[in-house]
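Consider the two complexes below, in which subunit A is the common component and subunit B and subunit C are the respective partners.
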Partner chain A sequence: MLLRHTTKEIKERKSLTVNPAKTCQPIGAMYAALGIHGCLPHSHGSQGCCAYHRSTLTRHYREPVMAATSSFTEGASVFGGQANLVQAIDNIFTTYDPDLIAVHTTCLSETIGDDVNQIVNKAKKDGKIPEGKYVIHASTPSYVGSHVTGFANMAKSMALQFAKKSGTSNGKFNIVPGFVEPSDMAAIKEMVKTLGISPIMFPDTSNILNGPLTGKYTMYPKGGVSIEELKSTADSIGSIGLGPLASADAVRALDSQFKVPCQVLDLPIGLLATDRFIDALRSAAGVSVPDSITRERGRLLDVISDMHHHLYGKRVALAGDPDQLIPLTEFLMTLGMKPVHIVTGTPGKAFAKRIKEITARLGDEVKVKGPGDMYTLHQWIKNEPVDLLIANTYGKYIARDDDIPYVRFGFPILDRIGHTYFPTVGYRGGIRLLEQILNALMDRMDRDAPEEKFELVM
Partner chain B sequence: MSSISVLKAREKQIFTKGEEAPFEMSCDTKSLAGAVSQRACVFCGSRVVLYPIADALHLIHGPIGCASYTWDIRGALSSGPQLHRMSFSTDLSETDIIYGGEQKLQQALLELIDQYTPKAAFIYCTCIVGIIGDDVDAVCRQVEEETGIPVIPVHSEGFKGTKKDGYRAACDALFNLIRRNPAPAPLPRSINILGEFNIGGETWIIKKYYEAMGINVVSVITGDGRVDEVMQAGNAALNVVQCSGSVTHLAQKMEEEYGIPFIRVSYFGIEDTSDALYRVAEFFKDSPRIMEKTRDLVKNEVNKVIPYLETVKKDLEGKKAALYVGGAFKAFSLIKALKTIGMEVILAGSQTGTREDYEILKEMCNQGTVILDDANPLELAKYVMEKDADLFIGGVKERPIAYKLGIGFCDHNHERKIPLVGFEGMENFAREVHETVTSPVWDLVPRRAAKKSSPPAGKEKAYDTP
Partner chain C sequence: MTGERTHSVDPEEIKKEILAKYPAKVARKRAKQIMPNAVDETGNVPEISANVRTVPGIITQRGCSYAGCKGVILGPTRDIVNITHGPIGCGFYSWLTRRNQTKPATDQDDNFMTYCFSTDMQDEDIVFGGEKKLKAAIQEAYDNFKPKAISIFSTCPVGLIGDDVHAVAREMKEKLGINIFGFSCEGYRGVSQSAGHHIANNGIFTHVVGEDDHVMEAEYKINLLGEYNIGGDGFEIDRVLNKCGISVVSTFSGNSTYGQFANSHTADLNTVMCHRSINYVADMMEEKYGIPWIKINFIGAKSTAKSLRKIAAYFEDQALMDRVEAVIAEEMPDIEAKRKEVKKRCEGKTAMLFVGGSRAHHYQELFKEIGMTVVSAGYEFAHRDDYEGRRVIPDIKIDADSRNIEELTVEKDPDKFAPRKTADQMADLEAAGHPFKEYDGMMPEMEKGTLVVDDISQFETETLLEIYKPDIFCAGIKEKYAIQKHGIPMKQLHSYDSGGPYAAFKGAVNFYEEIDRMLNANIWEYVEAPWQSSPQLSAKYVWE
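Showing the complex of A and B:
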């Protein structure tokens, strides 16, 4: 009963976050940077942040996560971190030999006002960046936004700091996949390819954070977007950013700087959002949808119809990142379920508005908060119970205390596996999500069924 | 992989026993900028020490990350209240950074104290708070006056040093509590257990031993901790210090202020556990019954575990282990415990060892053992491969590295679920090591599999294995 401390009575809290539903910017930037081949992320700040970000990513992906730190000391925080960063760049290239270093800031270096751009230029001038090697950077103060914002900032830097127009089209499409699992990134890439389009996807953490056991330790696993590809993003036919919060900045920057036309779509989670993604690809590339994809869609629809009576009218509580929650909420509506309590930790007004639109049919039954925290969500549930909870690992406390069927979804997931291998995007991903939801609901039915109603066929 | 160069500035932090170079371990230094260090920050140090006090409020003053990452991460069990497992943060935003966060802190504290009526409150200052210059002490004083409970600032700004400095800040906070006891008077046959955090229920095991010996445990700092108990700590006759890295500072302060002597012990492994209990019994030699009871206890407990240890030893004899732990003190016990089950240590590293620690470590290790301070993952991987280790003992960030290399792993840090202390802890440790080292999965790892000669074609040798 961890959350015996949750009271039913709801008071407005202004100065306090209890049981957060978000983490901070640098971890998102670190995750994004890992999706470039040969890249070592670098945290410009004190050691602690970097250690925490690495531990959390390590726990979620169960893979080694490398990142260096500027190791700020009291001196650095008074006189600025320039010396630390220049020395760090030098040390990193000699010891760890990456192709590039992706620097992100932390609260500390942001607050003391380090100008990373200028420091990197100095390092270059001082000859600390070897020929053919690169340093990119993103500003990620964690008292603004959340881990999603950090991902967005790094994704934007990735494109802008490499892209160069050559004048000849590369015939490709830029895809920014959003803050999703490595498995999702692989699935998105596959969908794009199935439509006959060749993608430049950045970042791409598949094969990096879900790699095979080889018996060897490689600091830079085979995977990720290459620097060559990043340079070439300016020559692409178009860009699609999936998930407005995580991906819009990157594709819009390429649009305004290099006239690469962009679209920003929801993450392809669930039937309708995947439809929109496929359709956008189809019309942008002027191709027709291959049978294999149509068949997959049909399968998802088939499963929904087979199982709809188990889903209908079930009340669901959700916590997670805005980009995921929006299409997820829409998917639940498609399934006939009622997403009634929805919380994200990431600030932003657009979120609540979108959710209200999607759930308009349910009217006032729906409560939504962004930024909110898990404590608020729990209080809502205590007042108006739900049949299912979908949230990251921290949801398990609520699920246990209030005995609610529960599906793990989002970031971080620290106590289960599967997320890094089985995508939830696309039609196939939809089937997996549906399976998880059904398992949770039907296991509960079985558990609670009285003897005479315990049935073989459900 | 073979050509990993070691940074020049790190050369003095790596040493191989038996090599010509004079042993001059440089440690206790700041990690080099640009290092992929496994170390954390001051805040982390304070947080882990104070965390298990279950009826106190732990409020993290700073931006959200510092709170998110430390939410219920430590598995420190409580037999009663669970308030310590909640995550409370002032979640500083941009405007707070500009205008200061004092007001927000005060309001948050008042709200929380009103809602949860905790016995005391700890306010952790993170990096940003140090930079924007909030007067946290003043806020604490004010709230304390208003609410009547101890409201204690923990000066743990991350950049102000290493995790060790965080331990110190935590000790200061603890002492702040202890000092509130108006008339400390030593109780007979009584001890405080210091530096024991009840990971997986370890505190309960140790307490049980002392109870059987006829010794009164006044407080455990901080495993399964309660504010009132900590405040009684000044009444004990002896401080028994386990995780010395973290709480020696407190023991020293209590010695100065209250004249309470302390001893450093370890409860890991049969040898060290018995030694710890005997030394405490020895301290109370005025009560001879204590020594008698201790002898009985040790004899009984050892007899219980030995048969099992003998069986695993058969499988583990001669296998090699690599250690990378927080404090070096832990490494000493681990080396002895591994020896008990027949294993040899080929790499021993620590995040926060002192010079003396490394001297001792050197004495304990075999020729050829690599000893390192504040290592990075590349170095760890390099030596594990070179020395062909069968087991890695470390923390969260080392686990996937060990697995990628295709060797067993045992967590000796944050993510333990099963207690390792005392006699039953030794049995748990042996079982865990045995399970991971002899797991069939490692034979399937390409590196190892290639070494084993494949069975001749046509013969079904591969199916013969029992």
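Showing the complex of A and C:
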């Protein structure tokens, strides 16, 4: 029993978080920055943050994750980090030659009140930023929001610090894909293209965090949104932000500053959310949906109808990010399952409200908490057991102790592969999710079946 | 990559090449940390700069003080509730994998290692102070988990806003009646995780060691200091020691418990594995309780045998010496057989190691055993004595960053001090070739002309890979995949990837097998696609 101290009896906790269902802003900003071509993310704080973020991203993606740090020691913490950042910018351009540096703050630099904008301007004035190179920055205090917020802040900075209206439309659509896998980003781009729309997707980590083995390492792989594209986002026909927490700020900023009309949708996870995404693209661009997409949709429906007997009425517990959990819960409802225990660590009242709306049909059966933690989720499970757990890697302990079929979903996943290569967004992604859910349930059925019931056809 | 290796590499040239890339100020600093190794007849080595600040913007392997304190030292201690006081990130990232293994005696024993406890500070806590929330969190931890002890770890903002975690700990200790103690291990303290090790060890020494005077009934009682049970290393060391009849009172800090720390002052000998992380604790325990210490190394079969003999020699008991010899004789044949078999495939190959504060040294033994040469190595967070040997300790300059880390002043404990050996006995042992408190460091044991690099950067790693084309590289997870993209296998030595144990006898066999697999797996031969090596001659379909 690895979680032997998790009891059925629930005692109120207001100050102690146990087994969090979120992490901090800077990692989201670092991940987003990796989705710009030629970018070196930079963490403005003590070097531990940068080390932790790089380690966690590396473990999840199993790919090189490079980022630099301002390496604060006590002096910088007292006197401010300006000298460290200016020096870092100089050293980075000399040593690692990126096209741009994307600086994000940490709780340390935020608490002492470093004004990164002013420091970057100073670096520029001092000639530390070479001609044709850039430094962008985002404020990402770790004591506000979560990793999703950090992604949102960097995505917003990306657009705002580059975008420039030229007066001529580029005929493209801005897409902010949300804090999703490189595989998801590629799939989202593909869907958009299939509809005949040219996307500028930012950030774009596909081909960066699922790269090939070639015998050569390059710090800046071929991939990511280009600086030229980012500049051009102000000239786009419209923007779609996928996942309100991670993407709304960026597309709304482009709307208010450059009059690029925007829509904020749920991440296209599952049937209905993908329907809304495709429909929004179709209406905004005035195109008709090609048969290939309608066929894919039909396939997802076909699988659901074929396998409904395994899904109907099954109780599910979920932990993860709001942007993912909302469409996922909706998808589970579509499948006839019962998402009954749901927690996110990311603060925000909208989450519980949306979940309650989506699961209204289940009434009081549904418990939802945001912000909550995985200790709470586990206690709920102990009191009212479930048939399936969907969570990130840390769900593993709960699944083992309480012997629950388990699907890994979200961030981070440290102990399996696949997430970086196989998307879970779109209709095809829906089939993959469904496959994982069904496999978990059927593996359990097979394991527990008495010999006379052990069946080939399921 | 094999076959293209250059054997005659001039380390001075490489050093020059690396420094040429850096801005002048960085080059000046790095010049002192990159040192071609040279050992003279008396064992003297060149001076290397270590335990100095990382240069902002230069991509480093290092982590922070909090990581060293909470993650490395207190992390593998299973029955203390470790509360991170700060925003959620630090606690989340130090939520351990099974890197450090632990095994409670029964299902009823406490084990909090798979839990992550945090005060998850929000902006209002930063503005108005987090002490109130911390107190409440300790109360909630007590109500929910009833642990033997609770410890508190300060993160960067806690130090800045001035939360007094020590005062909170004292108050709550008084209130709840269990041991509660805090660590000022803010990430900005010191220049690497080494500072955090120091803060953690000092805290354990101050708040826990000596709390329980119960003496274990055993003939030969030792503490194993600086052993973290990575991948189960400590389990294998325990197995071997127990087989020899040697009992471990406590391990600092792998598979350890609160009770073992509390009781550790009753051991008769301290054995030090990772010199960096804990040599000062060994010194303090000698000063306060009279326990002598020796440096041992359980990485490598020969090193293990040597270390067992050292321990036996200390106890000066023929029966123990005989048993140790019997165990070595019993364990060695299997290892030898495997070693010889693997050596056939690994002999002559080269390795690089850039890990830890002792690991880059210890693992060189294992590579030697299978005929491999370490052409370049360095530590992530060591100090000069770990490179050059303890004799340089008096010459090490104390800079501002080290001065921030508390040095404890220790005196003889009036009741608990008991010399384990007389001064004469100690002197006789020394004269017989069994030195106490001695560590020669990494450089004297490395070959002349190898390159020693302290706090290696990403750019330096790339340059070394290009020039040396080593057959294997050892580092941590952040370095792993960048190195493998080159087609060079990368072995993690902080977490062992999914392998281990690598310590002591069975561990050596595991390591031989692992290196054999990594060097000889055929995947690296396929990096180039067939159409990349043979250019197309004519545009004709072959089936035409």
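Methods note: the second predicted complex is superposed on the first by the 458 of 458 C-alpha atoms of A that agree within 3 Å, B and C clash if a C-alpha of one lies under 4 Å from a C-alpha of the other, contacts with A are read in each partner's own complex, and residues count from 1 in each chain.
Everything below uses one rule, namely that contacts are C-beta pairs under 8 Å (C-beta built on N, C-alpha and C of every residue); 3 or more make two chains touch, one makes a residue touch a chain.
This structure is a prediction, so every number in the text was calculated from the model and none was measured.
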Subunit A as common anchor, with subunit B and subunit C clashing or fitting: clash
Which of subunit B and subunit C A:Asp99 touches, first, second, both or neither: neither
Subunit C-contacting residues of subunit A that also contact subunit B: 1-5, 7, 11, 13-20, 22-27, 42, 45-49, 51-56, 58-59, 62-74, 76-77, 84-85, 87-92, 94-96, 106-108, 111-112, 141-144, 146, 211, 213-218, 345, 394
Touching residues (chain side subunit A, partner subunit B) in the complex: 1-5, 7, 11, 13-20, 22-27, 40, 42, 45-56, 58-59, 62-74, 76-77, 83-85, 87-92, 94-96, 106-108, 111-112, 141-144, 146, 211, 213-219, 345, 394
Complex interface listing, subunit C residues touching subunit A: 21-23, 26, 53-67, 83, 86-95, 97, 107, 110-112, 114-123, 125-126, 133-134, 136-137, 139-141, 143-145, 155-157, 159-161, 186-191, 193, 400-401, 404, 457-459, 462, 476-478, 480-487, 527-528
Complex interface listing, subunit A residues touching subunit C: 1-5, 7, 11, 13-20, 22-27, 42, 45-49, 51-56, 58-59, 62-77, 84-85, 87-92, 94-96, 106-108, 110-112, 141-144, 146, 211, 213-218, 345, 347, 371, 375, 394, 397, 414
In the complex, subunit B residues that touch subunit A: 1, 5-7, 9, 30-44, 62-72, 82-83, 85-94, 96-97, 103-105, 107-108, 111-112, 115-116, 126-128, 130-132, 158-162, 376-378, 381, 385, 396-397, 399-401, 403-406, 445-448
